[in-house]
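Below, chain A partners chain B and then partners chain C, in two separate complexes.
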Partner chain A sequence: MDLNELQRDALGEIFNIGVGRAASSLSQIVNDTVLLSAPEVTLVHRSDAAKVLLGSEFRQFSTVSQHFSGAFDAEAMLVFPESNALEIVRLMVGPHMSIEELSEFEQEAMCEVGNIILNACMSALADLFHLSLNGTLPIHRFGDTESLSFLEGDEQQMILVLQVDMTISQQRVQGHILFLLSVVSMQSLLDCLDNYLREQGLL
Partner chain B sequence: MMADLECGTLCSVIDNLEVGVIIINTERRVVRWNNWLAARNCHSAEQADGKLLLELFPEIVGSRLEMAIDHAIRDRMPSLLSPALHGTLLPLYQNAEDRKRNRRMHQLIHVIPLTDAPLQAACLIQINDVTATVSRERVLRQQAENLRRNSFVDPLTGIYNRRKFDELFALEFAKAQRQQKPIAMIMLDIDQIGAYTAWYGNEQRDLVLRDIAAELKAAIQPAGDILARFDNERFALALPGMDEKSACLFAENLRLRIGTLKIANESETEGKLVTISLGLAVMVPEASADTHTLLSSADVALYQATHEGGNAAVCFSVEEGNFHTCG
Partner chain C sequence: MENNNNPLLLIVDDSRMSRMLIRAIITDTRPNWRIIEASTGDESIKLVEEHSPNFVSMDVNMPGISGLEAAGRIRIRHPEIKIVLCTANIQESTREAASKVGIHFVPKPITAATIGDAVAFFES
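== the complex of A and B ==
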């Protein structure tokens, strides 16, 4: 299973609508310009997602995850290298504290940031595909690569990987959004996408 | 069994929960406002019933909470509003005193779509009081900051302690070694401090230590020089990049500068003033050299200065192995 060029572009555009909305919510909260873009969408097998994430020099991650269900089921997860996540929170909550001092209190803030971004992506999909999705509340975790347990498992699962660039207080921070879908759910998502493209006269 | 719980029972459970619960319908009108909330806000359940949430909480207009509610009702997406980013969004108070002083509680808010419920209940807003957690967090942060400071600052004089000196001196020494640049080391004692203390007492001695530390601090370059209280009545001063000639002048200047403070010392037979002695050593450290050599050279010079009657700055030339008076 793979994305053709049209599908890849369309998904990229839809997710960019989502992260754009998230950026305006975040800007409002911090009273400063927050920019978000998702320059790249790829579809990989679960076993290959590890390479995308683990290929980097980072070993500790911050993850915010939410489960969405409806026309398709997806585990959505915002993944930042831990230092990047702490940098985001530090920039949002206030520059007066060092990264070592950030606590549970700030982790909750990270959870909210993830919640805003993931909700925005999923509701952009739901809006354009005219469907409704239900979501769970976000869960935040810090951990090493081994705690990214969703990367392992036997069932055939696909992961939609979005690279995310976030600019806050003129600093650029990079991360990824992962959508973990079963093959069946991935097919449903692609069907929805093709319907949307047909509606737009693009297919 | 679960289906058997009647509606009245569930409402009673909601009313008695130890968290704030607001349930609103698709028009954003309140359909449930529990006791916890009524006790912490000026509206009772009766007053709130059927009202628009925006009327009850005008402050949420245009806020992230309003967006989160729209998001829950329109898109069925749940949201979390963290206390770190929103703090005291809603006018909720732990008690009447807090209300009078307008001291709001810190809140963690969850906004959850009620998708399975009948239309009259569209969105659940759950509010937790996290004031205690936030205060504890502040206290812990303050304590951490104090501990961090105490771990390298001498409480009496406010300059670095021995531990921090050792750490910074080792770094500067290694740098001088790498760059083959000189580093000067001054050891500094207050003359006859034992007699002074016997005469004036410990408190007065502490004041002298503080004044001298302040004077030394004003004389050095805060960016590069390392000044510390080395042990009880001894100060250490490392001057990276300074050669023997300049360091000699500097040491002599310090001696004169402390003299100008004119701190009375009746225990002193001559001059009746507090004076200091300084021992100086300078080296461009070779690869095999260690900090101990420089420190002990300065120590030897200080011993020489004190031994010759005090109120002097003496330099020990590491290369030539002899002493000379500075200035």
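== the complex of A and C ==
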């Protein structure tokens, strides 16, 4: 299974709309402009996902995940380098808190950031495809590439990797947004995408 | 036959789908408009110099220079060109930056309504 050029472009652009909405919400939270790169979309087998992440510049991660169900099921996951997580929390709650106090808020704050970004991406998909996707509450975890649970399991599962660079208050924060889908769900997502492109007269 | 007096629109977007969508809607509603396309801010500046478009639809988040920067540069050299930012970057700071230099803002997703809004600005 692979994406053709138009499907890859369309998914990137739809997620761009989602990430743009998320950036608007985040900029209100941190009271600053959030600069975003255009998202890069790749589709890999689960076994290759580690290489994508291992090839990146960070080893320790802070992750927030949510499960979405509906026309297709997807585990959506936001992956940040751990060092950036605390900085994001500091921007959210202001400069007056000690490191200890910030650490207490970290879980909660990262869940909120994940909730905003992941829901914005899935909402952009749902709105354009005219369907409803239900999300569970976000779960926050720390880990490294050895212990990230999503890298284990069904080798056939597809992972849609969306890479977005965000810059907040001169702090460059590189984040990956991962969508884990079964082959069946991936096919359903591509069917929805093709229907959308057909509706727009582009197929 | 193409008439060189007809309005010329430059669509700037790194997404091929977005360029195709805008082109399809414009072709439908303003069949006499001529359309050219660029996929980066740098390319848009070059095409403006070569073709002197009447209108520009500009994305913001693109590889290379941002659409805001490209629009600003075009605006300085060609204040007569009407520019619309057509972008998913819906932050207040982007809207304000556009408004300060007389650029109209249209949020994505691209629909007949949002492009209708852009066309109304172009023709105002």
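By definition in this document, the second predicted complex is superposed on the first by the 188 of 203 C-alpha atoms of A that agree within 3 Å, B and C clash if a C-alpha of one lies under 4 Å from a C-alpha of the other, contacts with A are read in each partner's own complex, and residues count from 1 in each chain.
Note that in this section a residue touches a chain if its C-beta (ideal position, glycine included) is under 8 Å from a C-beta of that chain, and two chains touch if they have at least 3 such contacts.
A quick note: this is a predicted structure, and the numbers were derived from the prediction, not measured.
Q: Does the superposition put A:Met92 against chain B (first), chain C (second), both, or neither?
A: First partner only.
Q: Which holds for A:Asn4: it touches chain B only (first), chain C only (second), both, or neither?
A: Neither chain B nor chain C is touched by A:Asn4.
Q: Name the contact category of A:Ile17: first (chain B only), second (chain C only), both, or neither.
A: second
Q: Looking at A:Cys111, would you say it contacts chain B, chain C, both, or neither? Reply first, second, both or neither.
A: Touch status of A:Cys111: first partner only.
Q: One more residue to check, A:Leu133. First (chain B), second (chain C), both or neither?
A: First partner only.
Q: After the superposition on A, what does A:Ser123 contact: first (chain B), second (chain C), both or neither?
A: It touches chain B, and chain C stays clear.
Q: Could you tell me which stretches of chain A are touched by chain B in one complex and by chain C in the other?
A: Of chain A, residues 28, 127 contact chain B in one complex and chain C in the other.
Q: Over in the complex, which chain A residues touch chain C? Could you list them?
A: Residues 5-6, 9-10, 12-14, 16-21, 23-24, 27-28, 33-34, 36-38, 124, 127-128, 197, 200-202 of chain A touch chain C in their complex.
Q: Which positions of chain B touch chain A when the two form their complex?
A: Going through chain B, the ones touching chain A are 64, 67, 71, 75-86, 108, 110, 112-113, 115, 133-134, 137, 140-141, 144.
Q: Flag every residue of chain C that touches chain A in the complex, lowest number first.
A: Result: residues 14-18, 20-21, 24, 61-63, 87-94, 108-109 of chain C touch chain A.
Q: Quick one: which bits of chain A touch chain B in the complex? Just the residue numbers, please.
A: Counting only chain A, the residues touching chain B are 25, 28-30, 89, 92-93, 97, 101, 103, 105-106, 108-109, 111-112, 115-116, 119, 122-123, 126-127, 132-138.
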